[in-house]
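Pasting the structures in now, so scroll down.
After this come two complexes, each holding subunit A, first together with subunit B and then together with subunit C.
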Partner chain A sequence: MTARRSRLFAAIALVAVAAALVLIPLTLNRYGLYILSRWAVLAIAAIGLNLTLGYAGQVSLAQGAFVGIGAYTAAILTTSAGWPLLATLPVAIVLCFAIGWLLGYPALRVQHHYLAFVTLAFSTLAFLVFRNEEWLTKGIYGLMMNRPAWFASPLSFYYLCLGSLGVVSLATWWLIRSPWGRAFMALRENPIRALSLGIDTRRYTLMAFAIGSTLGGVSGVLYAPLVEFVDPTPFTLALSLDILMMVIVGGAGFFFGPFLGALIAVLLPEWLRFTQGFYLILYALLVMVLLVYSPQGLLGILDRFLADRRTRAASAARAAAAPTLEETA
Partner chain B sequence: MATLVNILIAGLATGAIYALVAIGFTLLWQTSQTINFAQGEFVMLPAFFMLAAANMGLPFWAAVLIGFNVTMLLLGWGFKRLLVDPMLRHGVLPLAIATMALSVFMREAVKEFFTAEAQPFPSIVPATNIDILGAVVSLQNVGALGVAVAAVLALQYLLTRTSVGHQMQATAQNPTVARILGVPVDRMILYTFLINAGLVALASLLITPIYLAKFSSGEVLGQAAFIAAIVGGFNQVRGAIAGGLLLGVVDNLAATYVSTQYRAAIPLFLLIAIILFRPQGLFGRAEERTV
Partner chain C sequence: MAATVLQVTNVSKHFGGIAAVDGVSFEVREREILGIIGPNGSGKSTLFNCILGQLRPSVGAVRLDGREVTGMRPSDLNRLGISRTFQLLQVFPQLSVRENLILAGQEHRGSMATRLFGPPDAGLTEAADRMIGFFKLSHLADEKAGGLSYGQQKLLDAAMAFMAGPRLVLLDEPAGGVNLTMLASLKERLQAINAEQGATLVVIEHNMEFVMSLCTRVLVLAEGKVLAEGPPEAVRNDPKVIEAYLGH
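Moving on to the complex of A and B:
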């Protein structure tokens, strides 16, 4: 009964949050809408990294580079080839899937910190290409682009981002419930045992990278029209680290972790604006304190609290049942 | 020819400094599975400790001494007690992320509380040029190379010839067995953190006169140390030395003979090639994995 009640509670909370996300923006000004749109866009990238890192256990410091690849795909194809934004999405998806798949190959040979450095190197190389290949990306001069006519107003563009986030969330929800999701988790928990149980770990490792990177690309396709100007500066290693921190702070391996992590990473600088230059110092300090206290991130604290309560309820029930057992015996 | 000698000496000098940083990095990994993403900032910071002490009117040698001690205290002992100890049992990744946050914290703190401008830093070696094999070579480079090599040799002596060194190696290889044999494992781990702090303070003292003291200089240094450690082999001190020297030379050669635009890419290609074809590094042993 408690399980059903908590599920009902979760469903009500989810509906309330969804309603708030649809209704609150009606009262926001242009800047508030920009911040919330930014949250939705970065949450998509963080969901992708959560698949790769949180569920499949493969470290990647390159998610920012895929956001960059998606953003440049959208910007180049809409400005110089005149494509509509929607048509650039499949191109970005295919491109990021293919590059993500290739980036997965080192993961077949090395793990942990080695993998972190391969992806870190990829991230830096991608930045160098964005900056130096001027014939394609206009280098440091950047590319101006307009939002599509239907979504020109900040509010309608926000709904586009929110809608995309919704679609991505549902798809991810379905994916991690499917046998693939189980295989990813088996890969994270114990790759050798997973292999011995007949899971093609090779294919699933590459898939984990490819799918996670693809979501990075999707996020990039929305990022370009959000900022309306694409240049190399945002796509340094710092963005990859930011997205990684979102996943870890929210709680890696929890479905709602990236949403929460992205919300904090986007909103906290706004709330700490009164501290001026100190917000990064405070943010870094808070992240360290949080990780020392709960390495599983914010949702890890909630998870621990709930598990604690369940155990206590169970032992209370056992204590209540014990005398009657003795009597009947 | 003369330029080549110049490039080689400059490369070896920066390479030897990279090696110092890389050795500290691998020591932390070996004894306590700490991947310190803030290692570059660990090199950036001691120079500012020394500058702060010098700004208070102390003579340079006293400022250097204070800088070393503060570094050992904060980046050695403090880093271990406040960040590594509480997080170690939760695995490698959360700790690695926490060190990333630490690097942001240190960088921004220097920028806000000290200065965002690059500061000149006095050199322990006079900045004159000398003649070697017909090439005019900066004495600063030769001095940095000499000090770094001496430090590495001293460390090698400590690790291989003394009792404390043997105990540290035992701790790195198998902490459980070392503890059974009566090695004070916790103290040995603390020693590695102190040695790391000493190495980064020395590296800071040597490299800052060449590249100036700036809050953002840790990024490049940290990356160089990672690459040197991986190229040489993560679990060998001599690997880190070879990796550092090789990286320094390759970096300087690339700066001269390859386009400046893609200069930064050359060490990364070296890194990717090593990881793909010889992941244990040039000198490293393959690490076994347990099921």
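Moving on to the complex of A and C:
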């Protein structure tokens, strides 16, 4: 009964949030819509990293690079080849999946901070390609691109981003509830045991990298028309660290963690604007306090609270049942 | 005579100049419970790791049902029907007891593609609940495995090893750190699964009482070699075994 009630409560909360995400933007100005669109786009990248890092336990500092690859794919194909934006999406997906798969190979040999260094090196490499391969990327001069005609207005483009986030969320929800999701968690929690249970840890590790990276690319395909100008500057290691922060602050390994983390990373600078140059210092302090208090992020706090409540309820039920047991004995 | 399930032929494993396992040969027959005992450092765990693909033997061959499986990856061996438990607890603490068991069986169902698009539980909830019931953990089915007591986690670990209906299960010190009540329960369940489902077991164990009362045959290792082999009583009274355990 309690489980059913909490499921009902979760469903109502979800519908309310979805309704707010559809209705509130109707009242927002151009800048507000840009911020919310940015949240939706970066949340997709964070969902991808959450899959690789949060669920499968594979550290990656390269998610920003995949956003860059997706953004450049969209920008190059729409401006140079005249493709419609939607047609660039499958190309970005295939490209990021293939590169993500290859990037997964080092994860078969090294783990944790060593793996972080490998992915960091890839991130730097990607940035150098974006900046130096002018024949392809126009280097520091960048590529101007327009939003598709149907989504030219800020509101309609926001709905495109929100709709994409919805589709990605549903697909990810399906994936993590499937046996694949369970295998990813097994990789994170105990790869040796997973191997002994017939789980092909090699293939699942590569898959976790490839799918996570693909979502980075999907995010990039939307990022390019969001900013309408693609140059190498946004795709440094800083973006990868930002996305990593979103996953960690929201709660790695929690489905809703990236949504919350991206919201905080995108909105907090706006809320802290009154502090002028101090906002980054405040943000860093808040993150430090959070991680000391709850290394599992914000949703980790909620999870702990719910677990405590369940334990207390179970203890109370046991205590209530004790006299009955004594009577029967 | 029962069919041979596992055949280990002249297996050796060298680490530098040291032979941790030195020319070990033995067979395990269908429905048998073979105990492997020996003092610390006698090569029991290295032998297990050579059989289970964690280590590649320097020399020798391992056969399952007559098929050579030497050096195969643990995941491939598991899908061929060899399952195991570990000396140290190896459950998935953040998953529920039921999820642990579904995980233990899911890779034996269909292909990766069918698992992605099939039902979330890979059609294993009923089988998982039956196994949970068999190991008397039904009241804990929805609890996170990390919240279980040590003994309960040992039972779960064993249940996971049997989930996919393996041909052969290797148990590495199943009694280690388990209290007497839980130990009796574990032994009784292992005997039941052997009798009812015809499971073939190989058990490494230091607890002599546990080995002697559970196993139908015992193999003694010392300094990487087979020192003695036979029924539990005969092995218990073998002067070579007594000397290896007690020293000069």
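The rule is short, and it goes like this: the second predicted complex is superposed on the first by the 329 of 329 C-alpha atoms of A that agree within 3 Å, B and C clash if a C-alpha of one lies under 4 Å from a C-alpha of the other, contacts with A are read in each partner's own complex, and residues count from 1 in each chain.
Operating definition for what follows: a contact is a pair of C-beta atoms (placed from the backbone, for glycine too) under 8 Å apart; a residue touches a chain by one contact, two chains touch by 3 or more.
On a predicted model such as this, the values are computed, not experimentally measured, just so you know.
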Check the residue A:Arg203 against both partner chains and state whether it touches subunit B (first), subunit C (second), both, or neither.
-> second
Per-residue touch tally on subunit A - higher for subunit B or for subunit C = B
Once the shared chain is lined up, is A:Val110 touching subunit B (first), subunit C (second), both, or neither of them?
-> first
Touching A:Val292, do we find subunit B (first), subunit C (second), both, or neither?
-> first
In the overlay, answer first, second, both or neither for which of subunit B and subunit C A:Pro179 touches.
-> second
Could you look at A:Ile99 and tell me whether it touches subunit B, subunit C, both or neither (first, second, both, neither)?
-> neither
When the two structures are overlaid on chain A, which partner does A:Val266 contact: first (subunit B), second (subunit C), both, or neither?
-> neither
First (subunit B), second (subunit C), both or neither: which does A:Gly277 touch?
-> first
When the two structures are overlaid on chain A, which partner does A:Leu125 contact: first (subunit B), second (subunit C), both, or neither?
-> first
Taking the superposition as given, does A:Arg193 touch the first partner, subunit B, the second, subunit C, both, or neither?
-> both
Overlap of subunit B and subunit C contacts on subunit A, residues 190, 192-193
Parts of subunit C lying in touch with subunit A, wherever the complex brings them together = 52, 73-75, 78-79, 83-84, 86, 90-95, 99, 102-104, 106-109, 112, 115-118, 120, 122, 160, 164
Within the complex, which stretch of subunit A touches subunit B?
-> 59, 106, 109-110, 112-114, 116-118, 120-122, 124-125, 128, 131-132, 190, 192-193, 241, 244-245, 248, 277-278, 280-281, 283-285, 287-288, 291-292, 295
Can you check the complex and tell me which residues of subunit A touch subunit C?
-> 175, 177-180, 182-183, 185-186, 189-190, 192-201, 203, 253
In the complex, the residues of subunit B that touch subunit A are 29, 35, 82-83, 86-87, 90-98, 100-102, 104-105, 108-109, 111-112, 223, 226-227, 230, 234, 261-262, 264-265, 268, 271-272, 275-276, 279, 289, 291
